Each structure stands twice: as C-alpha cells, then as structure tokens.
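Below are two complexes that have chain A in common, paired first with chain B and then with chain C.
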Partner chain A sequence: MQVKVLIFGQLTDITGLSELLVTDVSTSNELIESLTGKYPELATAKYVVALDKKVISQETQLPDNSTVALLPPFSGG
Partner chain B sequence: MTERKPKNIFKDGPIPASFIAESIQKHSTQKAIGGHSIFLGQVRADETEKGVVSAIEYTAFEEMALEKMHLIREDIFAKYPLTCMHVHHSLGTVEAGEICLFVFTSSAHRKAAINACEETVERLKAELPVWGKEIIGGESHQWKVNR
Partner chain C sequence: MAYKQGNPRYQRQTALKELGDQGQEKLQDAKVLVIGAGGLGSPALQYLAGAGIGTLGIVDHDLVSLSNLHRQTLYSADDTGLSKALRAQEILAALNPEIDIISYNEMLNSSNALNIISGFGIILDGTDNFASRYLINDACVLLNKPLVYGAISRFEGQIAVFNQLTNDTPVPANYRDLFPDPPGEGEILNCEEAGVLGTLPGIIGTMMANEAIKLITGIGKPLINTLMTYNSLNNLMYEMEIQAAEHTRSLIPADQTEFRNTDYEWLCSSRSELEVDRVSFDRLINDKSATFIDVREPDEMPFITEFDHIKIPLGEILENAAVVDTETIVLFCQSGIRSLTAAGALTEKYGNSKKVYSLRGGILNWKNLKRS
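Presenting the complex of A and B:
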C-alpha cells in the first residue's frame, strides 16, 4: 500500500520537498495524521486535499498507488 | 457544440507583448468577430514589510489546473456566444512589470466578449491550483495572496 503525496505552494516551506511516498495508510485522515506527525506545522496550515485531482472534504479510502495533493489557497494570475 | 479538448495554458516565463500582438493579428481572418476583450495580468512591485517584490515565481498542479480550466472554458462557452477564447498563464519567474496572465475572448458583439473575459479571469484566479511566490530583494520571499 503506497500513496504518492504532492505538496504545493507555501506548504513546501514546511516540508522542504514537493513530493513524497507514504506507505501503510488506508484513509485520507490517516495520511494527514502521519504527515502532521512528521511536519507539525501542517496542523495550523490552511489547505485542501485532492485525491487523484479531485478535492475531497471528508475521510476517504485511499486506493493503492493513488496520488494525494495538498493544496494551499490558490494565488494564480 | 463541438467538444473541445483541454488546451495547455501554461507558458514558461513572462508573456511577451509581441505574442499578444500576434495573437490579435491571427484573428483578422475570422470576420464574424465584432469585439475582442483582453485582460493582461502584470506582476506588481508590491511594497511589503520585508521589502519590494522584484518578481513572482509561479508553480502549478498542472494536470489538475488544465482539467479545471477545461471545465471553466466549457461553462463560459455555454453561457456566452463566444467565437473563441485564449488563456495563457506564466509558470516560473516573471519579473515585476512583466505580463503573467493573458485572457482573450472574442465574440460577434462586445458585451459577450467583455463579460466572458471578466468571468474567466475571476474564475481562474479562484479555481486553478496555481501559486505565486513573491520574491523580495532576491533573497527573501512570501506567498502571494489573491484578493
């Protein structure tokens, strides 16, 4: 069980990298918990979670080899 | 309506004025058009507590942004009688004073072009996963906040 995590924008200031692999998590909440354990500042950061390019708003089962993206507030244009 | 495929809107670096001029020129063959509307976003040298913004470095979740832009495009074409729409957004470094966003809508009459252009700009700023890192004095940075 492996999930690819993509990190964008200001969140990369916290993680220091833009991509990582997380194993042994089965839901989005477990993933966020694991990431927040590793990067405590994520707990107070503002972002939404996208699973395979779709924003999710509640705990969701993560398929093997799926891609989860952490998206802070957009600031294009 | 014919189905439109997702187009790439991203361009590395600033959008040159010559590119914008050529884009306008290309429409001279489309004689059903009676009005164009163009929005150009330019990087502003904001004064911040840390210093003056010298450039913005843009990054995006490109795949998701292109899918989202495709949906916005479909919505706008369904709502307004447009002849065409072109959107270009910079990635990477754009210096203060340079163009980072080019939205170009054309229609038989002005109102559809103007309203579609405005709505497209508002929606893409709110909905596309794109981020601007404001470079301050070449060493410090802060993240752009859209208002």
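Presenting the complex of A and C:
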C-alpha cells in the first residue's frame, strides 16, 4: 500500500520536498496523521487535500497507488 | 455602441471560426469587472481591453510604486505615486478607444462591493490579500456572479472559475469550498514578504483573461469547479476538481444586509494596503492636496521641517482627526507601526469618504533615504 503525496506552495518549506511516498496508510486521515507526525508544523498550516485530483473534505479511503495533493491558499496578486 | 461587423481591430480573433463575428458581439455586450489592477490585473485588463470587452470595470485604491513595475505591466516609471485605477483607465482607453472603461479608485469593502459588482456580468479577482478574496467570493455568491479567481505565491499560481452554473454542475463551487475560513494574520506570506517573479502574474493574469473570454463566448472548456495550479520553475500544471460542499453556504453571509455588516478586514487582519512607500509619499507631498499627520508624541525627535504637517498623537487620533478637511490623509510615525494602527482606525471611521495612508518604514527610514 503506497500513496504519492504532492506538496504545493509554501508547504514545501515545511516538508523540504515537493513529492513524498507514504506507505501503510489506508485513509486520508491516517495519511495526514502520519505526515503531521513527521512534519509537526503541518498541524498549524492551512491547506486543502485532493485525492486523485478531487478535493476531499472528509475522511476518505485511499486506493493503492493513489496521489494525494496538499495545496495551501495563495493570496498574492 | 453596437458592434460593427468586420472591424479590423478584431480581425485576427474574428478570423477564428470558433469565435467569429458572433463571438465578437458577445464580447462587445459583456461587462467584466477586474478587481485589483496589479500583477494579475495588468495583463488581464490589457487582453480584455484588446479583445473588445464592451464594458470594462477596474477597482483599485492603491498607488503605483516603483516595486510594482517589474510585474505590473500597465504602468511606467512616470506613473509612480499615481492612482492605479485612474492610470489604468487612461492607458486602456488609449489601447482601445472603442470600449467603455469605468474606474473605481476606492478600496473594495463590504459597504461598496455589492453596488459595484452588481453592475457587471463576470468578475475577475486579482487582489493581493485574503480579506478582499473572501469579500469578493461572498459577494459573487450572493449576487450569482461568475468569478474568475487567480492567485500567486513565489513561483506558483492558482486559477479557477467559481460560481458558474452549467448543466453538468447545478450547484457551482466557490472559494470557500476550497478554503472555508480565512487564514489568520501571518499564517500566509504576501508577495512583499515572499517575493514573486514578474513573469508569473503575467502568465496567471493572462490565463484569467483567457477564462473570461471563454466564458463569454462559450468556446472551449473553462475551469469551472476546477482549480488549476501552475509551477513556473518546472512548468508542471495540476488540476483538481472542487465539489460544492453542503456546509459552505452557512459560512457566507445569509443576505446582503448581513454581508454589509461583515468586517472582512478584521476577519483576515490584513492592513498592508493602507501603506505607501517613500516614492508615493513624496508624490503626495508634492501634490499638496493631502493633510500630513505626525502621530508621534509631541516631544519625539527628529522634528520634521521638510513638509507641512500637523501633530496628533496616536492616542488622540480618533477624537482630533475631525479637524482634517482634505480627502486624503497621510500618517507617519517613527517606524511605520503606530501610523499603520492609526490608518486602520481612521479607515474604519471614515470608510470610503477619505483615503488614509501610512508611510511604510516610518519617518526615520524616509529621512535616511533622503540623505543617501
């Protein structure tokens, strides 16, 4: 069970990487928990979660080899 | 003004069979409002004016500053210190004298937003702060206006079309379906702190104009209920579909009265648009139409002799600002913090009836730079 995580914008300041592989998680909440354990600053960051290019707002099962994107809001213009 | 067929100004786009004279007529009948005539607004306005949008509105209360010019392609060095909305109107009228251009040289807020937005068919959000973005989103939901959203940060941009009804999407998504609540102060950096390459808003702002033209003419597939991100360093684009969530509507003011009573500035704690830089400050001094107020305590050094001003310490600003009879008030203090607080308080007090600015970096910085 493996999930690819894409990190956007200033969230990469926290993770140091724009792409991560996470194993042994089966739901979106477990994934976020695992990432927050590794990168504690994610706990206070604001971002939206998309699973396979669809924004999700509640706990969702992660299919094997799915891609999850974490996208923070941008305000600049 | 009725569209005259075969107008050579539009020949290169009417030659597209997908657009043609019929598409040009739709552009001629369209009313598009661009909020923020900065990095995103500049290219968007230029292309929309060039394309022949019949009525083009521009909202911006800011002044052109030197640090804008690397990305805000509408303006020239001679424009620094001048109103963006008014300069943009002149420049765009010179580009295309056949369209109507309306400028709103004022800060969009919950008292004027519904009046301004209701006069247009499509809204482009090219603002640079969250207060404006939530304000515009909520106003567009209340008024059922399609919203073309664009935003940038460092090397990345976001673009989406919100609030557009289609047969496939009977419940259109809006910005709050992505980010339900505004971030707090300091949670997200703005352009000034984070930096931005000039080409990025050029690309995203041009895409915003492109989406607007597609919506108006009915060609192609606009980014309805879809957020697209673009990374200018690796040229990667990524799209994600946004679903309208049931609870989102409860986050938006229930009606226009509740909207008018919502303090978006406070919700997002963004006050940076009240600040002017040294060049704009000098321009305001030379202009001689503004009242300058030193909000430091009476005995604070250095005393300022370079320009006329009055002294009202921060603690007395609300009671004593009534003596000011000019439309524009410029505040300064030692480092720019107290004057910004005062500017926030006076803006709240006067709303749009006065323009209030604070000297960024304070008078010490201004004097040092004068000397160097």
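Simple rule for what comes next: the second predicted complex is superposed on the first by the 73 of 77 C-alpha atoms of A that agree within 3 Å, B and C clash if a C-alpha of one lies under 4 Å from a C-alpha of the other, contacts with A are read in each partner's own complex, and residues count from 1 in each chain.
What we mean here is this: a contact is a pair of C-beta atoms (placed from the backbone, for glycine too) under 8 Å apart; a residue touches a chain by one contact, two chains touch by 3 or more.
Computed from a predicted structure; not experimentally measured.
Peer 1: Quick one: is A:S57 in contact with chain B, with chain C, with both, or with neither? Answer first, second, both or neither.
Peer 2: A:S57: touches chain C, not chain B.
Peer 1: Going by the contact rule set out at the top, does A:K46 touch chain B (first), chain C (second), both, or neither?
Peer 2: The second partner, chain C, only.
Peer 1: Figure out whether A:F74 sits in contact with chain B (first) or chain C (second), or with both, or with neither.
Peer 2: both
Peer 1: If you count the residues of chain A that each partner touches, which comes out higher, chain B or chain C?
Peer 2: Of chain B and chain C, C contacts more residues of chain A.
Peer 1: Starting from the residues of chain A touching chain B, keep only those that also touch chain C in the other complex, and list them.
Peer 2: Shared contact residues on chain A: 6, 8-10, 50, 53, 69, 71-77.
Peer 1: In their complex, what parts of chain A are in touch with chain C?
Peer 2: Chain A residues touching chain C: 6, 8-10, 44-46, 48, 50, 53-55, 57, 69, 71-77.
Peer 1: Residues of chain B touching chain A in their complex?
Peer 2: For chain B paired with chain A, touching residues are 41, 58-61, 63-65, 67, 89, 100-101, 121, 124-133, 143-146.
Peer 1: For the complex, which residues does chain C have touching chain A?
Peer 2: The contact residues of chain C facing chain A are 36, 38-41, 125-130, 133, 150-154, 156-158, 177-179, 183, 187-191, 194, 196, 201, 227, 229, 238-243, 245.
Peer 1: Which residues of chain A touch chain B in their complex?
Peer 2: 6, 8-10, 13, 50, 53, 69, 71-77
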